[in-house]
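Next come two complexes, and both contain chain A; in the first it sits with chain B, in the second with chain C.
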Partner chain A sequence: MSASNAKRGVSFYLLAAFFTLFVVFLYGPMLIIFVLSFQGETGGLTFPMRGTSLHWFSDLFSSSRYGDLAGGFRRSTGLGLMSMTITAVCCLFAGLAFRSRFWGSGTLFYLCIVSLVVPGILLGLGISQFFQILGFRLQWWLSGLGAHLSWTLPFGLLIMFAVLNRYDNAWDEAARDAGATPRQILGWVTVPILFPGLIAVALFGFTLSYDELPRSILTVGGKNTLPIEISNMTTNVTTPALYAIGTVTSFVSFAVIALAFGLIAFIQKRRARA
Partner chain B sequence: MSGSKLVPYVQAAPLAIIMFTMVGIPLITVLVISFWDSDGISLYPMFRWENYTEILSRGLVYDLFLKTFIYAAITLVLTILIGFTCSYFLVFHVKNLKWQIALLLLCTVPFWTSNIIRMVSWIPFLGREGLFNSTLIQMGLIDAPLDFLLYSDFAVILTYVHLFALFMLVPIFNSMAKINPNLIEAAQDAGAGSWMILRDIIIPLSRTGIALGSIFVLTLVMGDFFVVRVMSGGQSASVVSAMKNNIDQLYYPQASAMAIMLIAVVLLIVAAILRVVDIRSELAK
Partner chain C sequence: MTDTSKIDIRGVTKNYGDVRAVNEVDLVIEGGSYCCMIGPSGCGKTTLLRMIAGHETPSAGQILIGAEDMAHARTGNRGTALMFQNYALFPHLSLTDNVAFSLKVKGQPTAERREKAREMLDRVQLLHLADRVPSELSGGQQQRVALARALITNPRVLLLDEPLSALDEFLRLRMRVELKRLQNELGITFVHVTHTQPEAIALADQVVVMDHGTVEQAASPREIYDRPFSPYIARFMGGQNVLEARVTALNGEVGEATGANGVVYDVHDTAGLEMEQTIRLSIRRDKIAMKSADRPDRNAASGTVMNTEYQGTFVKVSLRTETGEEFIVYQDDAEFFANPSHVGETVNAHWDGALNHLLRGQNTSSGNPLEE
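== the complex of A and B ==
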């Protein structure tokens, strides 16, 4: 094995080539549609580019052919922000609770795993029928939000476990010995130390909700989220407008990811200096 | 001290309440409805086994399960190969921790973007007039465009691998990164070749990651209805896509019965994997 030698063997370059191919495989198709979304007005779904324009972007929001994209975008960001907040708060406290064994902790853990494993559309069916049996109307901000939380919370909890793995409970005890109240410990010790991890949980909370499709379809009621609108477009729309919405929504995702990474890096840097 | 004993219950309560109302009760609802009757307009609460016996008596369901298993198996093999190779490169060849993290994050970023868009992005690449076909024709390798690239099983599996490889890569990377380098050095000193080290040390010690990744990939493939519908051009169906058709026609009890059978199969597979590898105790290490 060349790993322990300073010199890089053939296997290093073969593996590096494989890894590079994998990265190209991950990003290549996406880059192609970003380019194609700037097609000229007469351009089609594939190359060649017939000029470049912003036509398909303006078409997205001016034409009614594509459904309610602006409304879908509003609802999806709203749901994303709500899921993000609830996921971060619930998973922080649940993660702290799971440090000790309590009655029902096993059941709760397995309920979370089941929620990850079960096909999303089934859970959506269950939630929508449950609401209908109770006589509640399906609303994106209630049943839709609940469906999203069934997806973001288990992920958030697993990440919280990983974050808390590196948290030393002695820090809490030291604060307690110094006379801090539980609320002070939480606000001045636990949360500040865990903050970068909480940003990661929040990132998952937002992006998983913002892009969620299978659990949303049956639970959002009459008003669609953006992924539902886009999924409808995949069967109806045969113009580069489909790629334009892809570019727009990917840009939103990338901005959110960059914001989260930037925040984490900023905090780490400040800590390194302190 | 009885006050502090209550603390974990209060802390876990919000999660528990949401999970119970949004996962526990809905799953029970699906189970209950699977015994009801429906005429495509309204539901009739009762207890009958007909939804199940009807599905099992039709041959279609076996084909659907077989097809779903084949998709899942091929995707699983490919993602394990990719995930293992990439993790091996990152852990044992990229020595610098900063580079390791940066490259892993590079692979993770697409995970936070839209699956639908990532799926759609294969269309200009694979289509009859797509990039792949036109390149091959220009190079003179083929005369007519290859038809099997898009709207086929090939496209479905390619998309699955593209979407889900990450769920395999990250867990395998995690368990591989925990392997003590001294162990490998000791084996080298004892005269083990790199192939032997791979077979006797690295693969066995990566099994938790492989198992965890397999659970993710299997359940994601088996729960999919959207990729199979779009990327096969409506020619293929999986268990869930057939169920989605039932739902669209408002045959909820039939869909629920199929759902319960699928959940049972999925949970059996997950339990079997957990039997081979005790993920919980391994994760705690």
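== the complex of A and C ==
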């Protein structure tokens, strides 16, 4: 270690400084919001802190000034769970199908990926027009779900490809050789082996939907999801409750991710137990 | 037992688009025998094995196991078990559950199938690891689990796809003995795909040499090694020099052929040969006498020593003949060291003309022999 210390040139320090800036930029704003959400009752939107309290958290849940936050949270969670389930199931089968290079698979793949590139707000506009032409009312659980899937499905598929990269098709063949039916192969071999990867796909399905704003604005109809409610708050609300909601939603996201990683670690530990 | 495990392959062809991987193969593998299929990669041996297992469907032709047509028998339901090249053990299951997998498919109760799996693991000396998962095992141990998993269904035919290729040299030799012992004990048919020539010779009752999707020769290892059908087999199996010559005499009991350098070779098997026809003969490298005083002009070769390689029980002497071809002699070690040849020296070698073997097959591809 000390030998390499002596050899560190200018480039090392430049890159280290760059990296430090990157980390500060990444976590600094989040940290400020986190700290300010504990602002005292008389405090405002900026530093200095006037004492610390949990006032703005309780204000968030008791006051009606902030719009339908609880409803937004419920809808966003529901939408996230629906997107998660559909994404995990569809991406599993789509990924398995793409293992063999069927006719038109390349074209199909690019068609799937295009909706990642299209601007979300435009896609939302298109979807809302489309649903109205078909005569459906815009609902968060219908057109809203469709808009979210246009985002989570291609993303999930890309992750599924990475997961399947490490899957040996000989496992399926070994099961087939033992006489297993396609359904038994899927249930006893393919899905259990891929399970940690599927959790990752599901996790992305949930979080991408949970905090999606551009695709939601024009598609959810009369009842807003949480990101829309928060977005509205930023223009109306001038109290640290704004930061409190930021802290709460960040905490939910982190909790979901921690849960998922915990589950993956648990499964892998059980498999590799000595 | 032996009749029900006989494999009869009739006119089997397999096309992948425009590529013909297996080309009208006819082959009978006797029940209860150890059959090794050997050939360079891409010769169709693995495809043929997978068709016997039912993982591929022939484009044309018929495969019968124990006189039953397998055209509509499902994989895993035809009395075969396949051991995969990299074993394909299920990474999420313990060894017990890996071995018990096919019993689970058959719907046996958990306790019963685990008991049977443990008996099988005991048989391959791995009972003490029964609760481990495959990633915690060495290569040799994984191979034995794969073997146990394949054998638990009591198959009529065990198919092995390059089973020893992932093991190191020491383990390979040990598992080779183990496989042969197991086959003797079970009395079922083993079909073993390999690209290693000594492995095939050592294990098989029947060696099937393939090239370009066809069976070039199927015979006992001794027959294949001693009396190869074509120049390709002589070169691929190793241990032979291949000589090209023109037929110059056919009257009399022993015919004659003359090489480009004017040396005359005896030809004992002259049926169907014509004068001036180009033929190829093989002569075993270990049947050649070195260091003749004079340069003989019959059943002989002379050339410059290019390399000598000590092999323990013999010395491999490589000559370059006047016509620029390689000619190799396996000389007894005691004989060599009594009168050693040196690189750069010109030496004469000769042999008993009765040992010249006529290669009737026309396939002259080199088949990239791995031996040297």
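Assume the second predicted complex is superposed on the first by the 250 of 274 C-alpha atoms of A that agree within 3 Å, B and C clash if a C-alpha of one lies under 4 Å from a C-alpha of the other, contacts with A are read in each partner's own complex, and residues count from 1 in each chain.
As a convention for this text, a contact is a pair of C-beta atoms (placed from the backbone, for glycine too) under 8 Å apart; a residue touches a chain by one contact, two chains touch by 3 or more.
Because the structure is predicted, anything quoted here is derived from the model rather than measured.
Aligning the shared chain A places chain B and chain C next to each other free of steric conflict.
By the document's definition of touching, neither partner reaches A:266: not chain B, not chain C.
Set against each other, chain B and chain C touch different numbers of residues in chain A, with B touching more.
When the two structures are aligned on the shared chain, A:136 is found in touch with neither chain B nor chain C. Shared-chain residue A:177: touches chain C; no touch with chain B. By the touch criterion defined above, A:61 lies against neither chain B nor chain C after alignment on the C-alpha atoms of chain A.
Contacts of A:121 after superposition: chain B is touched, whereas chain C is not reached. Geometry note, superposition on chain A: angle between chain B and chain C about the Cα centre of chain A is 90 degrees, to the nearest 10.
When the two structures are aligned on the shared chain, A:96 is found in touch with chain B, with no touch to chain C.
Legend: residue contacts after superposition of the two complexes on their common chain; A:192 is shown touching chain C, with no touch to chain B. Fitting both structures onto chain A leaves chain B and chain C with a minimum C-alpha separation of 8 Å.
No residue of chain A touches both chain B in one complex and chain C in the other.
Here chain B touches chain A in the complex through residues 7-9, 11-12, 14-16, 18-30, 33, 82, 85-86, 88-90, 92-93, 95, 103, 105-107, 109-110, 112-118, 120-125, 127, 129-131, 134, 162, 165, 184-185, 188, 194, 197, 215, 219, 222-226, 230, 240, 243-244, 247, 252, 255-256, 259, 262-263, 266-267, 270, going by the rule given at the top.
Every residue of chain A that touches chain C in the complex is listed here, in rising order: 168, 170-171, 173-180, 184, 188-189, 192-193, 195, 271-274.
Interface residues of chain A, counted against chain B in their complex, comprise 1-4, 8, 11-12, 15-16, 18-19, 22-23, 25-30, 32-33, 36, 45-47, 86, 89-91, 93-94, 96-100, 102-105, 108, 111-112, 114-123, 125-127, 129-130, 133, 146-147, 149-150, 153-154, 157, 182, 203-204, 207, 211, 213-214, 218, 227, 230-231, 234-235, 242-243, 246, 249-250, 253-254, 256-257, 261.
Against chain A, the residues of chain C that register as touching in their complex are 53, 55, 74-77, 80-82, 84-86, 88-92, 101-102, 104-106, 132-133, 135-136, 149, 153.
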